[in-house]
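The same subunit A turns up in both complexes below, where it pairs with subunit B and then with subunit C.
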Partner chain A sequence: MKGIEKRLREEAKILLDAGTVSVVLAFRDGHNEYCPVPFAARDVSDVDAIVFNEYCTHNLARYVTEYDPGTKIAIAAKGADSRALVVLIQEEKVKRDDLVILGIPCAGMKDARRGTVIDETTTGGTLNPVIYDILLADPLPETDTSPYGVLADLESQGHDARWGFWQREMSRCIRCYACRNACPLCYCDPCFVDQNAPRWADKSPSLASNLMFHLTRFYHLAGRCVDCGDCSRACPMNIPLYLFHKKVAKECEEMFGQVAGMDPEGKPVMVDFKVDDSDEILI
Partner chain B sequence: MAFDPTILGIACNWCTYTGADLAGTTRIQYPHNVRVARVMCSSRINPAFIFRAFELGADGVLVGGCHPGDCHYSTGNLYARRRLAVTKKILDFAGIEPGRFKIAWISASEGHIFAETVSAFTEEVRALGPQTKFAVAKGND
Partner chain C sequence: MVKKIERDRIQDIAAALMEKGTLYAPVEDEEGVNFHPVDDAARVTLDFYNTVQGPKCAFFPQSDELVRYRMTHEGPEAVEVLPDESPQILFGVRPCDVRSLAIMDELFCGGGVVDPYWKNRRDNTTIIAYAFDIVDPVDFYGSFDIGAAEETGADILMVGVGGEFLLDARTEKGTALLAALDGFDDAAEGDKKRFAAAVKKAGALETRRIDTDGVDRDLMDIFDSDFWQREAAPCLNCGVCTFVCPTCHCFDINDETLFGEGRRVKTWDSCMFTDFTLHASGHNPRTKKNQRLRQRVNHKFSYYVTNFDVISCVGCGRCTRFCPVNIDIAGVVERARKRAASERTE
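Our next item is the complex of A and B:
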């Protein structure tokens, strides 16, 4: 990780010095070493503040859409970050030419709040960036563990048991929208849940309105979610939103044969169709 | 009293709604349980409509559109097919029985198929009983 941090600073310095980019999205120290925070380095003098360690789990692709179109941005991108960038490129939220992607192959990232290692079961299954301009470390061997294995238990339950599970989880939601705000692909302004006419979901937390918000959000991320798990890590109530996102991603992969965020030339499955999609999927 | 399900029907203007009209003008009997809302195309249906219907106490939702390839807007129902398929999987994983949500392709000339679909779906939902999950959470059971 120290090697990556050193390379990141070097590359950031070169890019900012040459004026190739106007901002480098990376991390700096937070109030302690376990809480690095996203950081936009705008000047060569900022570069020494950049850090990278195993707690740098935020998906930085979330900040790319905050800049005016045409802004040249360099971004430190882990596997899932790069996949989110691919989706943003597919959806024309950002141009590939405006990005300098500093790819970071990394494994063994840790969830600062829980102290646990993030692996395929808790998202973070993509170890290597799928697109990059500069790779800051040697690519890691991809694991062959299915990211969907963690779903087996819930899938084997009956509908009533599953309802009970989600009822317990969703009734805790306090509607802080941290999941939405952490998500690199939740860029709608206004979000459907903030609209007053029509009012899609009641504003105050209740099981029904929480479900209305989350189910619709799961749908909006169908075929787009890149399984970074930032929604679940951002959640102050520890709701395992990633389980539902994984399930929707799995179904999309099975029905439409495409994994989100792999091909910048491709289209997300929900804005595309095939004439010979089977009607079997509707049963 | 026997359970009488409340079902939201969402029908596309060009095929299913016209098919429902044909069922009526040809005096075909079918259950009154489906309340039909008309949309211009099945791709007009926001999946949030369906979640909202269940939240507001619907026991089932029936969506009707043109047969794939026959869409008035050429490709609307091909998009809708993908969207509704994902919606169905989401409801299933949340714990709402998938039998409460049905998608049917019914053309303007298929009044009898509309009536048969409504009759069969009403019986399926009746067999599942009242939808007490989403609706009770909202207080709309």
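Our next item is the complex of A and C:
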């Protein structure tokens, strides 16, 4: 990781010095070594503050849509970050030409708050960036473990048990919207749940209003979610949102042969149509 | 009056307290330990450092009904939901969180408009504080002269010593509750000494500290500074910090109606949200995240000081611990002060 940090600083310095980009999205130290903070380096003098370690788990693609169109942005992109960038490019939220993607192959990232190693049980397990301009380390061998393996337990349960599980989980939501706001692909402005004329979901947390929010969000991310796991890591209530996202991603893959965020030239499944598309979901 | 009970009889403590009123206590759930109204004594635990959220839910629930209404053929019918008068017990509150209640009293039942929902619950609640015996490096309650075994604001102070909990009443309300509880043993002279020793030992615990003298003026000095753009750059504008915070108290009032029937509710709001300051006209004076982060810090460390002469932060460390992007409010305040100082010398 120290090698990646060094390379990140070197490339950031070159890019900022030459004026190739006006900002480099990376990380800086937080209040302790386990708590790095997403960092927008804008000047060569900022570069020495850039860090990279196994706690730099945040999907920095989240910040790309905050900049004015045309801003030249360099971004430290891990596997899932690069997949989110692909979706943003597909959806024309950012132009490929405006990005300098500093690709970071990495495995064994850690969730400091939960003391866990992040793997394909809570994320898509994409170890290598799928697009990049500069690769900051040698590519890693991708694991062949399915990111959907974790669903087996839930899938083996009956309808009532699964509904019971989601009722319990959804009831615990406090509607802080950390999941939505950490998500690189939740860029709607305004989000439907923040609208008040009409108000689509009550402000009071309840099973009904929480379901209204989460189900709408889950389905709005269908075929778009890149399974980075940031929503679930951001959640203060430890709601396993990734399980729902994974289930929808699995359906997209099985029914439409599509994995989100792999091909900048492709289209997200919900805005794509082929005559031989599966019609299994139609009654 | 010191009383004692074995640690492994925590469920008996909870059951005894439940007989005296609605019990709010730390309960283990998927997210960790959090305050909940207790319906099953077996779920109460004191095996935690601090709860996920502050204890404000006992006085200021996330959703509080004010009016129920429905449309009838004769016209609308509305019934006011009056504040509850029944006794409550808030059990296992850390000393810094106890302080948060006195801070919010200034707003909800101080000199100005009195919120009867808050005040009734405060008047009817007996608070059992639970002293810290270790310090998490993120906490900074020492900055506000709050001790790890601080008794201010508590009706009963509880400490864990060896295999036992020792409880000592600090107010009349606390004495009355403690005297009425079954299952506790009266403390011997030695227990009283152990209680005093534990309080003294906890009193020696040091958290990190930030210097808050004059912070309210410093923050106003850098109100328009680009400092906030830089500090807010990582901020997601989610509401985690405000919803885990024991002193954040901003609320919204909404009508929640379904099929001609509904309720008017007071719900938690968050200065981090886009619709927090949205005017009916569509204008929003606070559209940028640097403005929102500045609002949260300034409200706590400057505006509240101007209005009530007290900082609206108790240094519990929750917002730092739970921030998805690791923003540390103590660090923000320290850097703000440095920035103000450097601008003064320029």
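Throughout what follows, the second predicted complex is superposed on the first by the 280 of 283 C-alpha atoms of A that agree within 3 Å, B and C clash if a C-alpha of one lies under 4 Å from a C-alpha of the other, contacts with A are read in each partner's own complex, and residues count from 1 in each chain.
The rule is simple: contacts are C-beta pairs under 8 Å (C-beta built on N, C-alpha and C of every residue); 3 or more make two chains touch, one makes a residue touch a chain.
Predicted model only: the values in this text are computed from it and were never measured.
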Overlay on subunit A: subunit C relative to subunit B, clash or fit: fit
Three-chain overlay, vertex subunit A: subunit B-subunit C angle, C-alpha, nearest 10 degrees: 90
Which of subunit B and subunit C A:K110 touches, first, second, both or neither: neither
Contacts of A:D277 with subunit B and subunit C, given as first, second, both or neither: first
Partner chain in contact with A:W163 - subunit B first, subunit C second, else both or neither: first
Partner chain in contact with A:Y177 - subunit B first, subunit C second, else both or neither: second
Touching partner for A:K13 - first (subunit B), second (subunit C), both, neither: neither
Touched partner set for A:C35, first subunit B, second subunit C, both or neither: second
Subunit C versus subunit B - closest C-alpha approach in the superposed model, Å: 8
Subunit A positions touched by subunit B in one structure and by subunit C in the second: 206
Residue ranges of subunit C in contact with subunit A within the complex: 29-32, 52-53, 62-63, 137-138, 233-234, 236-240, 242-244, 252, 254, 256, 265, 267, 269-270, 273-275, 278, 320-322, 324-328, 330-331
Residues of subunit A defined as touching subunit B within the complex: 154-155, 159-167, 192, 200, 206-209, 211-212, 215-216, 218-219, 222-223, 244, 247-248, 251-252, 255-256, 269-275, 277, 279, 281-282
Residue ranges of subunit B in contact with subunit A within the complex: 47-48, 51-52, 55, 68-69, 75, 78-79, 81-97, 103, 105, 133-134, 137-139
Residues of subunit A that touch subunit C when the two form their complex: 30-32, 35-40, 58, 62-63, 113, 169, 172, 174-178, 180-182, 189-191, 194-196, 199, 202-206, 230, 233-234, 236-239
